[in-house]
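Consider the two complexes below, in which chain A is the common component and chain B and chain C are the respective partners.
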Partner chain A sequence: MADESKDIYFVQGIPVPDTPLPGKEPEAWQETNVVGKRLPRVDAYERVSGSAVYPSDVHLPNMLHGAILRCPHPHARVRNVDTSAASRMPGVRAVIRGTTPEADLVWKKDAAGEMRLFDPHCRFEGEEVAAVAAETPYQARDAINAIRVDYEVLPFVADERRALQAGSPPVHSKGNLSKSDTYERGDVTRGFAAAEVVLEESYRTECELHTPLEPHGCVASWEGRSLTVWESTQGVYAVQSRVAEVLKLPLARVRVIGHYMGGGFGSKLEAGKYTVIAALLARQSARPVKLLLTREETYLAVGNRPPCNMTLKAGVKRDGTLTALEFTCLATGGASPAGGTSLVDWLIRDLYTCPNVRTTLTDVFTNAGPARAFRAPGHPQGAWALEQMMDALAEAVGMDPVRLRLKNMAAFSQAREGNPAYTSTGFRKCLEQGAAAFGWEKARRETGAQAARGHMRRGVGMAGCLWVAGGGRPPSTVIVKLFSDGSVNLNMGASDLGTGTKTVMAMVVAEELGIKPEAIQIENADTGTTQYATPSGGSKTVPTEAPAVRNAAVQVKQKLMEMAAAALKTDVSELAYQGREIVSRRDASKRIAVKDLDALKRQGVVVGVGYRGPNPKNKVVNPFGAQFCEVEVNTKTGELKILRFVAAHDSGRVMNRLTYDNQVFGGITMGIGLAMTEARILDAGQTGKMVNRNWHDYKLPTALDVPADITSLPIGPADAEANNTGAKGLGEPVTIPTAAAVANAVCHATGLRITQTPINPLQLVQRLAERRKEG
Partner chain B sequence: MFPDFDYVRPQSLQAAITHLADEAAVVHAGGTDLLGCLREHIFAVKKVVSISAVKELHGIDEAADGALRIGALTTIRTVAEHPLVRRRFSGLAQSASEVASPQLRNQGTIGGNICQKPRCWYYRGDFNCLRKGGGTCFAVDGENQFHCIFGGGGTCFIVHPSDIAPCLVALNATARVAGPSGVREVPLEKFFMRPEVDVQHETVLEPREIVTQILVPPPAAGTRSAYRKVRARRSWDFALAGVALALRFDGRRVVEGRVVLSGAAPVPWRSAEVEQTIRGKELDSDVIAAAAKAAVAEAEPLGKNGYKIPLFQGVIEEELARMSASA
Partner chain C sequence: MPRKNPTTGPDGLTRRGFLTSMGTGAIGVAASADLFAAGKEAVDPQVMPAGRTSKVVLRINGETHVVLAEPRWTLLYVLREVIGLTGAKPGCERGECGACTVLIDGVARYACLTLAAEAQGSEVTTLEGLMDGETLGPVQTAFAEADAFQCGYCTPGQIMAVEGLLRTNPNPSAEEIRRGASGNLCRCGAYKHIFEAAHRAAELKRGK
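This part shows the complex of A and B:
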């Protein structure tokens, strides 16, 4: 009998899933004992106590501080950069600019042409012009201020609605049309002819800025010809490949580390110029260099959710059947090609059954900062249009908005080649169970019958969604090591953006091996020591990494069972792994504790390698959702208060109920930002410069803007076809329908259809006053 | 990033005033506004004179005549929560509780609050505007959704950022000010500088003067005060439109009163129109509607702040109705 008190790592008395025979893949989980529970984060103490080392915290001996000089004009040509005074300033150890030979590099080549690291043609406010490294951050900033730049200031266009007008200054030599896409199925003309009601509306969503708590940046350090970068990133391998490409280094000589990072929301999926600049400054000074952007710099230069100008024409029969959807969107990725209109039309194409659909996307160049993926790129904008239109159609044909949506459920993906089926679609359940949990019909009736109750009006609204991705995919390689004392090391390349990835993966290992999650030490996001992983984003981290983690843990079990089979002189097929012990199914006296395996003691460690297998053929893995909210509008002042939210999401298996709910609350909070408070404001008519580049003027929602009453309602079951954990993505769908649901609730409360974000007192009081005037 | 500056923390008011004689010296109270200005390099600063160690600037008490004396370094949170303020000057307590966010209310002071620099994003940003000594007001033709509808005077279109100042004006408060030539008292109503008089200063303070105390006279019997603020988000935001009221009632009738708007003008904006409309009247729905209409009759909105007209009407209607209901 083993001394159980010394089994500090194994869980007692909890069954673990069956172990497949060597070479076989694990079956889908049935009941789980760890996965799906409410487990606090495995790194919660480190995060809360401040002992977690983020890139911002990295401080190396002899480290210098870098700073970047950025173009203050939306459009200018750099004639000359005079760094002579800056170079002579105290503490300054490196100064680089476009004409510095080592810094004269191509940053990227794309549809718009070639862009240099310090491009003499600055196409947006905030483009990089020069950089310095100095002993202190203050000396670096003083040196930046001492650099004299002779700019030829050029005419600009900052408003995408004017980009294609005759006489607008060209952002790139090819003109201001970045690209134009059309999608068509069926025949919309016939579809509209078949409709009994046709509605048409214009919509606009304002530009949102990514605001991760930790700004973008890194520490770069050279050892000989090898570069190490501590970067706040969603994907260490993505940064590695870009840095290696630009600096013409072998991948093996670029190590990128990103254990902890303070959020990204899509804006840290790729390397920034700042990473290469830090590396160049470090090389020139022969010292490590830390280069973190200021909040203002991140607002100008490293990403946004593009402003979208949309029209949607929709036809419906009296019974609620959609007959045609015709959608246009004009948007901008700033001075960068593409990104402006990406995926904005996806929901129009694929959320509801509709035989006749046409979408036209026009992506234009402007003299503004580049778009980057922003939590569910394109989708909240498309939902803003489509889900408001669905409500308007419901009203026009006299149907309940939920029923109209249920009438047009899609059984398969219409917009993909070959119309593949979904591995699972819980959209109907999201609508039905979400409505039930919200008390939809009663709330709608009661808030609708309140006309005589003074100037405070309540209303309810809802919206649905799917997310185009969220199924995960290969590649991913994960290593799980079990040491001779039974403790475990999980080694994976993926970043934890703060979503709880590490915790979820520890739970997967714990589930399979029957050990306590806290006994698992995790190494992640390090190109030097962990395996290749794609960036964490697209709501694909769990469905990509968790199956690979599971496969690695299963392989550990398989190897231990082979050792046990040898020790017990029996066949492996006879054995069951039970966590602490491996036991014969036939003869319970034949058993051996994992730690007693001589082979394990001799070897010291058992290594399991897991790979992410392929997705099911000819099927699509998408998450679905529906959100419901109740609002109160002060019709004298236009103040809007959100009273409650119910979020019903089908993302397959719930991996950790605590982090699941975190995602729901965070997604709704961010959606409320789009709906009510956030908008980048450019001084488009005068200087083209951004006027709200700080946290007071760029208004993120505060705790008081978000209701305390949010219900997170996971819709099952696990998606057994999607992957061997049954999980689909969650982080993005939870923010897609939020803004549209708020707009629909405002319309229900006031009768006003607000088609432009943000719905704040500025806009709402004006619309209410106009309506009073019209009588 | 901060400029290079010297920092002193004198123990006495006199020493602080002496320090302020140095080139580009500024007063540091709570610092919630000054630090932002330093970081943005809005004006030249070579010396920061902290007055936090000056004991006589702290505390709230009641004078023999019933007047409220608030030391300039009293935090906004203390003003909001002080029993004396809450009992007798409820509008002042309300206005203090509506300022910014809990952290800022814990740190910011009432003296600093009334001496704030404007929040105009052209002034705060990388624009050489009129108020910073440049030649242009960028707000006139630019992004002026948060700018004034009264009192721009064709020069500078900021709004005064304070929530507390309109209340103090409504309550007929006075600022006690110390300087090299002694102490003087300035009624809050005359404390703020209109841009057509001097576009580069927000107050009438002389360069070396420091606000030491706020004096609020005892309210006459039957006086009720209140403050209501509308903002673009529910916390940590300045007023889009606000109204401070101090009305003396005789039964249901308004004997007299002061009505001061925030978010309306470069200074706390006393609305003579509303005051005249309600004086001597009971606040029935007709009077309230007439007062709200009168409030904005003379407004001069810019391109993007026309919403402030219905907004002020709405706020004034709502707040007068609330007062009437409690009369």
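This part shows the complex of A and C:
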């Protein structure tokens, strides 16, 4: 093996940012030498060699396999669960159900009431009824099939559009209205009166399911009274607190580990019942239990992006000035108060300057799986309506769609109290530079319905966005530990969902300490050994964690410099940290290598603790973006092909250009799914059951659906006001405008405004045929 | 999606005949493993209780493994939970995602749709088998350098699909790469980087 310990530092001559005096905060970076570069991931080897251990891979001695019996009806009452045959089956070691004393637990209390772990009142298909653990997953499944349940099948409502109709079966005793919200500013009536063109349209986005590649699940193991859980999660601390609460354990006795996880997209922000169930099965059998959901279960019970039924009425002057927006949305979080309408209206409220806005949100209960946060909750749905409407308005007043948007740029956040300014907004630049990179005006002239010949039609479309969050916030604590040879251990609680969190954090440490990212060992996502972090999600992980990491690394430098000052008998203010060495600014002969510091050798390690400081007061940190695409429609078959995308995003500083671009491509891919392929289908009329609960019938975009020609165009500069790294969130905004941009391009190509997802051949062929009939 | 499941078993057993032998009862009904070894059509399936295992000899990454397996156990299950090779991942266990892709006699196949007994007599290569000791193979190297993944969970399958593609087509066109990768889902949407990695892997394999 090569001697890696010699190789910790960058070659001499690469400057390290100035070190603030002890007790002082670091300034914004002027120039960076590591941050922003294209760096393959620090854990790439583990991920491509198979040595990364995902929760699904955890295999403990004597481990059993668990399985859950779920209610097959959308609405039913469990009268009796007979597990007698199941418990006698070969290999079966534990069986639990609602009447098992240890499993008779409250799962949660919310606005709809109390929900038990195995709730006798099942309000959606897929609610947990019983569970088993057996020697093999096959035997566990056999036992599940042998459990006999007596259900009283109840009438259901699966279609949210019917939930409030008279005579619809109530999901909860208080009725099917979960929540209604209104927002108002100005006076829309006056706004519409002032308009020269008023348009109104209805839109619908279908329910989209997260289906990360790694199913939800965990391995649970007891050592005495302490529980350890290896969980596929976005937030180990969130899982820990829920499990401890439900099982009534002290937090310190619940350790949750999530070093690697196979994707979440919001659906693994919170704990699932399966974790508590695995823990109970493990306790009953006195053996570790692995419980991974089947793919079908992940379709039924662990979240979705709610289906949204929207109307938008918009008024505009001939010069393109928006005068009024009136928006309604009816949506469902399924059987729980899970935020069916959350944030769906945010873009209508805040993306463009508009003095008169009214939004009305109606969130209803249905007998369907509960929603969970899904990458940019509410925003892609709102963008689907707003950004298609902007195009329709542009056409009505004879303006270019990009120009119409530029005409209505917002200088501050209109929807927030006190109209705070943004720390930075690159929206204008996203539109202008994105359009230039795409060749927007030329492409628009050369494609479109008017340029069409034959049945293959091309068109271009675009859409813009902001993301309501993405600034990050406290709390976060990070520890950087420098060993006596200069190598570093970085300890943080945050999960890396695949966004490259670990790599970005290693780059921050490398930037400050002048050591190679490879010399940084990362411990993360373990409530037993790493510091507190909120779950990774909402595009807040980098802007939350990176500043704390930077503060921790800076503190290490400060401590090393104090050691050097003592060793060199000089004042700290005279010294400069250069990575390998600490050198006097006045007298270059006064220098000492970090690993020669006696104090460091004696102490063994230097520890820096970094906290996430507060966000700037009275300002908002939001990322912005605009996407442009070109499509080709076969008007005979209804096939839609995406030819290219340009994505211009202002997310402040680019931390790692390689993983940044990857996020952009991934967001677009997911947006293409919403636009073209994905829709949960419930048999709302007859059985209420989901009929496409697998990847065969519910299609994700494949390698054949995504263009190879995607350009990621980061829009600067770094946001010096947002935090000490200048980064804003990226993961959510990149999926917000995609579907609307595709719909706008299809409209440009065909003249058809498709207001309902998914734009698939079925729908397109039908719409094209209708148009032919109408002549 | 390309078909990744054999229509013909290792010894010429047809998939149809095989399924007939599997679908004859309730719990744990299956043909004995010997049936496959003999390569006969299933005529008289034996009924075995769940939990009854029989010997299955597998060649994996050049090594022989003798395991006791129930006839219904998939190759994926045996690789991961019996032998401990966790490179191949379960994503759906129903032939939809490709996370479980391995090479069977050099061809990319879904290990979740292949029974362990069915893989007898074949050379199985898993992600681990692409390594040279601690050193990554060319496709793995290309994936790491091109950042051809995000969460990394689909990645072992993607790598095996590209490996399988390059073994039959060392110099694929962009379109051939897309088709070669189309049997493997990536929910993170790293496809563009996967295409780049496949291209680079082809170069690395050619010694460039």
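Definition applied: the second predicted complex is superposed on the first by the 758 of 775 C-alpha atoms of A that agree within 3 Å, B and C clash if a C-alpha of one lies under 4 Å from a C-alpha of the other, contacts with A are read in each partner's own complex, and residues count from 1 in each chain.
As a working rule, contacts are C-beta pairs under 8 Å (C-beta built on N, C-alpha and C of every residue); 3 or more make two chains touch, one makes a residue touch a chain.
Quick caveat, the model's predicted, so the values are computed rather than measured.
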*After superposition on the shared chain, which partner residues are touched by A:Ala703: those of chain B (first), chain C (second), both, or neither?*
both
*If you stack the two complexes on chain A, which partner ends up touching A:Ala166: first (chain B), second (chain C), both, or neither?*
neither
*Figure out whether A:Ala588 sits in contact with chain B (first) or chain C (second), or with both, or with neither.*
neither
*First, second, both or neither for A:Tyr138, with chain B first and chain C second*: both
*Name the contact category of A:Tyr54: first (chain B only), second (chain C only), both, or neither.*
second
_Tell me which partner touches more residues of chain A in the superposed arrangement, chain B or chain C._
C
*Partner chain in contact with A:Thr659 - chain B first, chain C second, else both or neither*: second
*Touching chain B in one complex and chain C in the other: list those residues of chain A.*
137-138, 142, 294, 694, 696, 701-704
*Under the touch definition given earlier, write down the residues of chain C that touch chain A in their complex.*
1, 27-28, 49-51, 70, 72-73, 77, 80-81, 84-87, 89-94, 96-97, 99, 126-128, 131, 136, 140-141, 143-145, 147, 149-156, 159, 174, 178-179, 181-182, 184-195
*State the interface residues of chain A toward chain C in the complex, per the touch definition above.*
40-41, 44-45, 47-50, 52-54, 56-57, 59, 89-91, 135-139, 142, 145-146, 210-215, 260-263, 265, 292, 294-295, 497-500, 658-659, 662-663, 665-670, 694-696, 700-704, 706, 708, 710
_Help me check something: in the complex, which residues belonging to chain A touch chain B?_
72, 137-138, 141-142, 294, 455, 634, 636-639, 641, 676-677, 681, 683, 685-687, 689, 691-694, 696-697, 699, 701-705, 760-763, 765-766, 768-769
*What residues on chain B touch chain A, complex-wise?*
1-2, 4, 101, 119, 121-122, 124-127, 138, 141-143, 145, 230-237, 240-241, 306-307, 309-311, 313-315, 317-318
